[in-house]
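Note that the chains take the letters A, B, C, D, E and F in the order they are written out, and that residue 1 is the start of every chain.
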Amino acid sequence: MFKVTIRDHIMIAHSFTGEVFGPAQRMHGATFVVDASFASPELDENGIVVDIGLASERLHAVLADLNYRNLDEEPALAGQNTTTEVLARVIADRLADSANAGDLGPGALALTEIEVTLHESHIAWASYSRPL
Amino acid sequence: MFKVTIRDHIMIAHSFTGEVFGPAQRMHGATFVVDASFASPELDENGIVVDIGLASERLHAVLADLNYRNLDEEPALAGQNTTTEVLARVIADRLADSANAGDLGPGALALTEIEVTLHESHIAWASYSRPL
Amino acid sequence: MFKVTIRDHIMIAHSFTGEVFGPAQRMHGATFVVDASFASPELDENGIVVDIGLASERLHAVLADLNYRNLDEEPALAGQNTTTEVLARVIADRLADSANAGDLGPGALALTEIEVTLHESHIAWASYSRPL
Amino acid sequence: MFKVTIRDHIMIAHSFTGEVFGPAQRMHGATFVVDASFASPELDENGIVVDIGLASERLHAVLADLNYRNLDEEPALAGQNTTTEVLARVIADRLADSANAGDLGPGALALTEIEVTLHESHIAWASYSRPL
Amino acid sequence: MFKVTIRDHIMIAHSFTGEVFGPAQRMHGATFVVDASFASPELDENGIVVDIGLASERLHAVLADLNYRNLDEEPALAGQNTTTEVLARVIADRLADSANAGDLGPGALALTEIEVTLHESHIAWASYSRPL
Amino acid sequence: MFKVTIRDHIMIAHSFTGEVFGPAQRMHGATFVVDASFASPELDENGIVVDIGLASERLHAVLADLNYRNLDEEPALAGQNTTTEVLARVIADRLADSANAGDLGPGALALTEIEVTLHESHIAWASYSRPL
């Protein structure tokens, strides 16, 4: 199995609902360093899993809709805590939609899995992986 | 699949038995930077895999029993080389016991896998993963 | 010259005033991985620059006053943009006050410089250094 | 499952064929930081997955055949783009041959998987994993 | 003293002249992860050392003239080994010219030092610092 | 000013004397990731600060005298705590002796400073710098 990973980041504000979150129930924020992985059992005729230029552009576009925002005010994310886990799934699902729509190029049709990891600090990170 | 990882560390002394270890047969030591991962196919109603505060406390407690010690003198580890691989399993098993005992909260009952990675230097690390 | 550095982090929300900040004028946030360095030309009789346990506690206490907060609402930071540079100075100055007050132990009186670096992402960081 | 990983690196020149590569069609180069992982469900009687000394030597030998070279001129790599993905497979396959030939010691016969990750920069990496 | 650092990278081919370089006399290549630091004793009225957006654009433009190239064929670099040290100076000098030309904005006139660090691998890096 | 840095590591056991060390008074250990920096205002005719091959060999030799040992039993280190700070000075002084003895080649005579940083974990490190 081949896997290609690219890194980008977002800087957001949010707050959480639920006693389990302690002081994180207050308005605070995070830099999420975002790693997006694309897996495929085979390479295309160019010897790549995916056009890394296209993939970087799409990841950046997906992140631009979240970046420099207060996620508590984003209608698309309403009614849930925007935890690291939840955001990993949101980003992975949007990348999957992009791949399925052909935005990552024809080679992306061979992708079998997308995994998105969000590093919230040097001591904590979370990921979500899903088939394509 | 969702995965959450937290990082902590220990600083221990030990020696190894067996010619394969060369100079590491002498008393020496290591800083192990420890990454503990908790995997679950679903999030709980708060949008998390596990209470990261509880998980960090439990990991710290498990590591406290090893930290700042000469592992050659620990009865619980007697009769085996405390290699990076062996210690990864010891820590993963103790975390699994903690999860099964409910110490990580009720949400932890949905956990399906624990993986523990020990970084022994910038050029070598080892991990052990097991189902829950 | 000897230097000892310890690492901790904060997760905050804020917004900036000034066109130069572009989208960062919106409410957003950051994880700041904080490195605090303590410099001294000499070691004390224990062979250390500073009691690293005490220094870690003091750094953690200084950061606790900022952590999990919307910095736009902190009276002590009013009237200025809480940029990475500004926060590095705030933290360095509070650590310096701590050192001068004897909170870092008697050995800390030999400290000659404090430097604080805030990593806002994997591609940007800022620091402030000052004499003691 | 146990996994042991070791890190080394190579510095190579190459060029790519195919419009998808844009400016990387020109002669350029890369440092690849190479992580080689060896997986096994069981530890040997010494408590290890593989003799890490032997594994490091073999990885270094495999990399020496690629290091400080213009890969466009390597007969063994002719007729394909030496992308990060392709090189990950080349290195993994050569390590697998080494393991199967007994070069990693008798314990290596229990290995079930090899994974090789090549970091081409701080924001992009690729891996190839295969059974043994 | 305040310092702001931003990170970018280049991927180049080159060869060296001189027996001291051993196998690096052959055509090979490198990824250089480039950290550019800008120092100033004071912050501007926005609370920043330099407009980080402008600085990132300028660094990227300076690197674009080197990126995805065989440096042996660059007229501007002829007659010298393009070692990590030499390239750090080339990039620092070009950034200094940019700052002096006002490309980094009016605030950049207060800059007192530029330092450029090039990481050639996980185990070696070099830097060049100069006054402004 | 030019600076070149190389990285290596040691794995040692030791214990400390003094109440300030708390549990580190017990026999324990550490991996020290060691960064050695060599500074010079000028490059030699090859375009380098120092022969990085020679410097790496010398650093490795200096570290070999400490590696895989219980430092409490090393006569050369007797009568002092082998703290991170103390070890940084020991290594820097031995490298300086090497440079002064010509072991780093004739170019090393232009070196003006050596700095050694020892990373004891992902959250603590110490350095010692000295003129040459």
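By our rule, contacts are C-beta pairs under 8 Å (C-beta built on N, C-alpha and C of every residue); 3 or more make two chains touch, one makes a residue touch a chain.
Here the structure is a predicted model, which means the values were calculated and not measured.
Of the two chain pairs examined here, E-F and B-F, it is B-F that is joined by more C-beta pairs in contact. Taking the mean Cα position of each chain as its centre, A sits at the greatest distance from subunit F. Centre-to-centre spacing of subunit B and subunit C amounts to 31 Å, using the average Cα coordinate of each chain.
Put simply, the C-alpha centre of subunit C and that of subunit D have 41 angstrom between them.
Mean C-alpha positions place subunit A and subunit B at a centre distance of 27 Å. Within subunit A, residues 7, 122-123 each touch two or more of the remaining chains. Interface of subunit D with subunit E (complex): residues 7, 9, 11-14, 23-24, 26-33, 67-70, 120-123. By the touch criterion stated above, subunit E contacts subunit C in their complex at residues 1-8, 43, 46-49, 51-53, 105.
Put simply, subunit A touches subunit B in their complex at residues 16, 18, 20-22, 80-86, 88-89, 122-130.
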